[in-house]
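Questions regarding the structure given below will be posed in turn.
Note that the chains take the letters A, B, C and D in the order they are written out, and that residue 1 is the start of every chain.
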Amino acid sequence: MAKRDYSLDNPAWGDRRPVIVGFLCNWCSYRAADLAGTSRMGYPATLRDIRIMCTGRLDPTFVIKALSEGADGVIVMGCHPGQCHYDVGNFKAMRRMALLRRTLAQLGVHPDRVQLAWASAAQGTLFTETILNMTNAIARLGPLEWRDTVADIAPSTPPLPDEAHEPEVIHG
Amino acid sequence: MSQEHNAYGYYPGCSLKATAHAYGDSTERVAEVLGLTLNEVADWNCCGATEYMSLSAIPAYSLIARNLSLAAAQGHQEMISPCSACYLNLRKANDSMAKYPALNEKVNRALGAGGLHYDPNSLHIRHLLDMMVEDVGYETIAEHVTKPLSGLKVACYYGCLIVRPRTDGYNPEYPMHLDRLMQTLGAKVVDFPLKTHCCGGHMTQISEETAFELIRRLLHNAADYGADMIVTVCPMCQLNLDAYQPQVNAMFGTNYEIPILFFTQLMGLAFGIPAREVGMGAEITSAAPALGKIGHEEMEPARPKRRDKKSLPMPQP
Amino acid sequence: MEEVQTRKPFFDRVMASTPGGNTLLGCLQCGTCGGSCPSGPDMDATPRKLFAMARANMEEDVLLSNAPWYCVSCYYCTVRCPQEIPITDLMYTFKRMAIESGHYNAESHADFSQSFCGYIEHYGRSFEFGLATRYHLTHHPLQMVRKTGLGFQMIQKGRLNTAPDRIHDMPQLTAILTEAKRIATEDEL
Amino acid sequence: MMEDRIGVYVCHCGHNIAGTVDVEHVAEWAASLPGVAIARDYKFMCSSLGQELVEKDIQELGLTGVVVAACSPHMHEPTFRRACERAGLNRYLLEMANIREHASWVHQHDVESATEKAKSLISGAVRRVMELEPLEPFMVDINDATMVVGGGVAGINAALELANAGHPVYLVERDPSIGGHMAQFDKTFPTLDCSACILTPRMFDAGNHPNITLLSYSEVEQVDGYVGNFTVRVRQKARHVDTELCTGCGDCWEKCPAKVVDQEYEAGLGYRTAIYRPFPQAVPKYPVIDEESCIYYQKGTCKACEKFCPTGAIDFDQQDTEIVLNVGNIVLATGYDLFDPRRVPQYGYGRLANVFTSLEFERMLNAAGPTDGKVVLRDGITEPKSVAVVHCVGSRDENYNPYCSAVCCMAALKFGHLVKERTGADVTSFYIDIRTTAKNYEEFYHRLLKEEMEFIRGRVAEVTDAARMPGEEGKLIVQVEDTLIGKQRRIPVDMVILMAAMEPRNDATDVAHTFGIGCSEAGFFTEKHPKLDPVATMTDGVFIAGVCQGPKDIPDSVSQGAAAAARVLTLIGQGTIAIEPVRANIDEEHCSGCRICNNLCPYTAIEYLPDLEVSRVNPALCKGCGTCVAACPSQVITGQHFTFDSIMAQIEGVLYDTYNGNGYVSVEHEVPLATG
């Protein structure tokens, strides 16, 4: 199998490769990743995953932390809308991520670097495709280098999306 | 129908300029009556029919893509094709370019040699029939009917390429939208199990035995179900069933005289457009007797009816 | 004597030359394609059998089969195949490979495509009259006699133009097709 | 603060991990991480020797946390937690780094990448485990009542096993009677026992068992709680018949003038009245009035049933009732729907009169069915002389369902036998593969070969009435490629039977959601482990049995019903169970009382205490999703075991080698097959 040279996608990679931090929900996407493993499906070794119980747990700080620690992208994956193990956690995540992506875009972080995706426990293939696509997107964008490109303009505590903006009643 | 939605890019294809000029003429007249603007894509080229793909894939796709590129550059978002073969080719090139990046890259490299470029999916390619039933809609069409086709029994023949390989939600085996359209015009629609079976395609050119048997099956089935005529949505289907009907009769010892008309011709007649203006008379197997039934007097008088279907001899296997 | 294999096996080339061709790996040999094919009775091997032969790398037998040339592009097989294999496209691939390698029996079929496309490359539009005369005079002179009756009627009814229609920017189309042909030879799809 | 002493255990899993990840190197490297007291690699960590290694280190080295770098936590987290506990370390101070499913198995043949990934995951786990806190699981009592949902053969058997063991069971069935699909059949393969003869006694037992409360014509609306303590709201639909008074005499339906096609029990092949009992052996025996077809409900007059009922049992005013049940466990046995073959238009079902579905044909074969067991065409009189049986309709087909429905080959053989027995007609099976994999099934196939059933290997292309050749007129023509000959064939027949797929119930995803379990891509309920725990689900206390888990025949459905009952009995036997303390916790001292969290909780587990002006989590209701934790603007909600600090530490950990660590990895790595 051929090795991939990311500098062909974007010369700025030099000889390093993209790093993506993934937050996977315990019930669906983490198991989709397990299934990808048991089915021996391959995907790029760019993902470093962290298990959380539900995408609803996703604190936007985690994403900013990951990017500022050196990740080139963050992917949050959970159950398909309507199938959240906790009913509607993924809807909360959707709302938070939309705000966060907008905020980050203002800081010059391309929205493709921060993605939200779904995979059920049965969708190993979808999981691998998602990681492959995300990797390709990041590969084209090049390294993030938060410290050089963002830290300068980002306030020391990056502005977090205000949860108070969430509507009072959330419908599933 | 919304106001801004009645102008379309229009790809007539080679047939509508020649073998199927009746289709082209009737389409233009019907569009006029319905207040649709069909803007012919300037300097379009042949889509390659079913042939070019057998020679070489990249040139075949590039040939088609030139049309897509021109249409997009001329500001169209939707392009209508009345010919099912063109429709399939245009659509398939668009879909394949969208789905296979390697193909997209190569085709665009070829287009580049002519100073062109095409981003897949920047055009929505649609068949004329789809546009009629979806955008214009049965109700609007019904409003324009002034001479209902009452008493006419038609077999709706879709052929292959309008519903396959995959199309916008129509059933690939047993579609009904043309049937509904014909009912809207006042015609009686007969069940026609072979409605999406093959007309023989280019086989009429290269293996008559194969093609004529396919044509015979269709004529036989339509006659079996008592159709006065077969209505089509594709120039190739029309040509094969119409022009080769005498030869099919000769080969199998049958005597079918089933006229084959384009759906737009029947729309035109139902809208009260004079028969000549919708290309009537261009058919080899005359439609006059059948149309006599619905009172289009300007046509020739009805000929004696063909023998009843029971006496049609069956071929030996 | 052992030969050094320089080309990829036939089956791999077939898949690589067809968009979505690797779905062929999933062929169940169920026969839905062969059963659906309107030309099935005239084919010396059904599409299903061709795929089995391709899998066995029986290159000659596949390319010499008349089946692809009898394919009328009806797409019945494609929509019915339980494995979503683009069978019609694979038939095109077989035709192309047969023409490229000069490995085909039913010359007249391939010639028909070539004549047809020759006109397109010349005028940018198809030209039935020229095609009918050129193709049928070379291959089926007797048929031509029968057909002239029809041809005459067609001309009378304005359905057969005796002079070709041509597009304006022929140089552009020629440039595109020339480049496309060059790309086509450079590697497989 | 106590000094961190972490043990890291890198598993080889035979070749599964060691074949791709350089485990020795990883262990050496891990030993150098700050806070790590010991790192080892070992062949099989989950073996008893592997577990002893961990235990010994905990005791001898006084470890404060353990990282096992091995398989998925869903596989062996409980194993290693128990090991920690045995050695005196709190079970929640364990973290697994999944270097098998998430590294070695997805980066095969690429040692460099897999090894780098393993290091990053281990680094994350080490940093995280340092932030973890000891927790105690909640102990909860197991209510010994069980709810079984679905009264098909699987559910009936589960209910009977539990009831016979002396525990209360609520059997909730949606239809007016229990019995499921098996009650529709005449004979069952391969032994050809009479279906009613073997099922009816079981149905009777289930209906009359002192420990079983049968809630027929009922549906589950809502499920709350957790293993041991579920609260379930069931809606019992109005029968309009007072079951206290009704004797099941049948006078009502004899007199009812409204006749409609019975789409359920008769599969569309027969009729029933508006007040009806689906079949004579129905349990319970009481009829129901179907409001849709009842003349009184539609037009306001009739009431013939009321007039003729000798006991005055008809009650037009009866309303739906809500029942709240408290149960400790739930068994789902909701079965399947038959695939609608109208979706395969080329087979002509619905258009060509003499094309039948397999279920219609089961009803036709049934001696108590619409034709009294006679095999006839749709006209009701003509016996077919030739019958085609089409396999794999809607199964093994990417356009519909990719899976094999497992029973239809056998059912096709059963049909072949019964048709021949009753009519002597020619029967031809059109198949891709004949699948007869259980005990005595292949023998049954051999029997049918000898009984001269014809077999043509080829998936049917189309069924048509468009005759093409002499001999085809008036027949249905089955067009197929006989793949063993390699030729297209057209076989004219009088009747066609479509062996339609078994599909998940059309509401399966909704039901799964109500019960908090998962569905496979196809829509069948997902088991906890396909081999080792096929009747449990990821949600403790919810079990599955029968075809709702995947296509299977009656013996397998019955086995699963019994297996699910056995799993429930284990929990009941234990009496109490430990549940995960993964819960939210509000620091009331610092809560600003903003109430943002209150509406976010999907389980309304957070209440606002107006007098204290703070919010509080009810731990019995909280399921630990963490949504509130992420939302609290004052950051005063702690998600136990998934605390803010532990996740932040893990982020730093997995990124140990980026510019805040030692610099980026620079290896190139394998590109997996691009799709398309």
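Simple rule for what comes next: contacts are C-beta pairs under 8 Å (C-beta built on N, C-alpha and C of every residue); 3 or more make two chains touch, one makes a residue touch a chain.
Predicted model only: the values in this text are computed from it and were never measured.
Visitor: Listed by label, which chains are in contact with chain A and with chain D?
Guide: none
Visitor: If you tally the C-beta contacts for C-D and for B-D, which one comes out higher?
Guide: C-D
Visitor: Centre to centre, by mean C-alpha position, how many angstrom separate chain A and chain C?
Guide: 46
Visitor: Can you compute the centre-to-centre distance for chain B and chain C, using the mean CA position of each chain? Integer Å is fine.
Guide: 22
Visitor: Would you mind listing the residues of chain B that make contact with two or more other chains?
Guide: 99-100, 173
Visitor: Can you tell me which residues of chain C touch two or more of the remaining chains?
Guide: Only 19-20, 76, 79 qualify.
Visitor: Check each residue of chain D and list the ones that touch at least two other chains.
Guide: 346, 676
Visitor: What pairs of chains are touching here?
Guide: A-D, B-C, B-D, C-D
Visitor: Please name which positions on chain B make contact with chain C in the complex.
Guide: Those residues of chain B that touch chain C are 14, 17-21, 43-46, 48-59, 61-63, 66, 96, 99-100, 102-103, 106-107, 109-116, 160-161, 164-166, 172-173, 197-198, 200-203, 205-211, 214, 243-244, 246-247, 281-284.
Visitor: What residues of chain C sit close enough to touch chain D in their complex?
Guide: Result: residues 19-20, 28-37, 40-41, 45-46, 48-49, 76, 79-80, 82-84 of chain C touch chain D.
Visitor: Can you name the residues of chain C that touch chain B in the complex?
Guide: 17, 19-20, 38-39, 42, 68-70, 72-76, 78-79, 86, 88, 92-93, 95-96, 99, 106, 108-110, 112-114, 116-117, 120, 124-126, 128, 135, 143, 146, 150, 153-154, 157-161, 165, 167-169, 172-173, 175-181, 183-184, 189
Visitor: Going by the contact rule set out above, which residues of chain A touch chain D in the complex?
Guide: 1-6, 14-17, 19, 21, 27-28, 30-31, 33-34, 36-38, 40-45, 47-54, 56-62, 65-66, 69-71, 82-83, 85-89, 92, 96, 120-123, 128-129, 132, 147, 162-164, 166, 168-170
Visitor: For chain B, which residues are in contact with chain D within the complex?
Guide: 99-101, 171, 173-174, 191, 193-194, 217, 220-221, 224, 314-317
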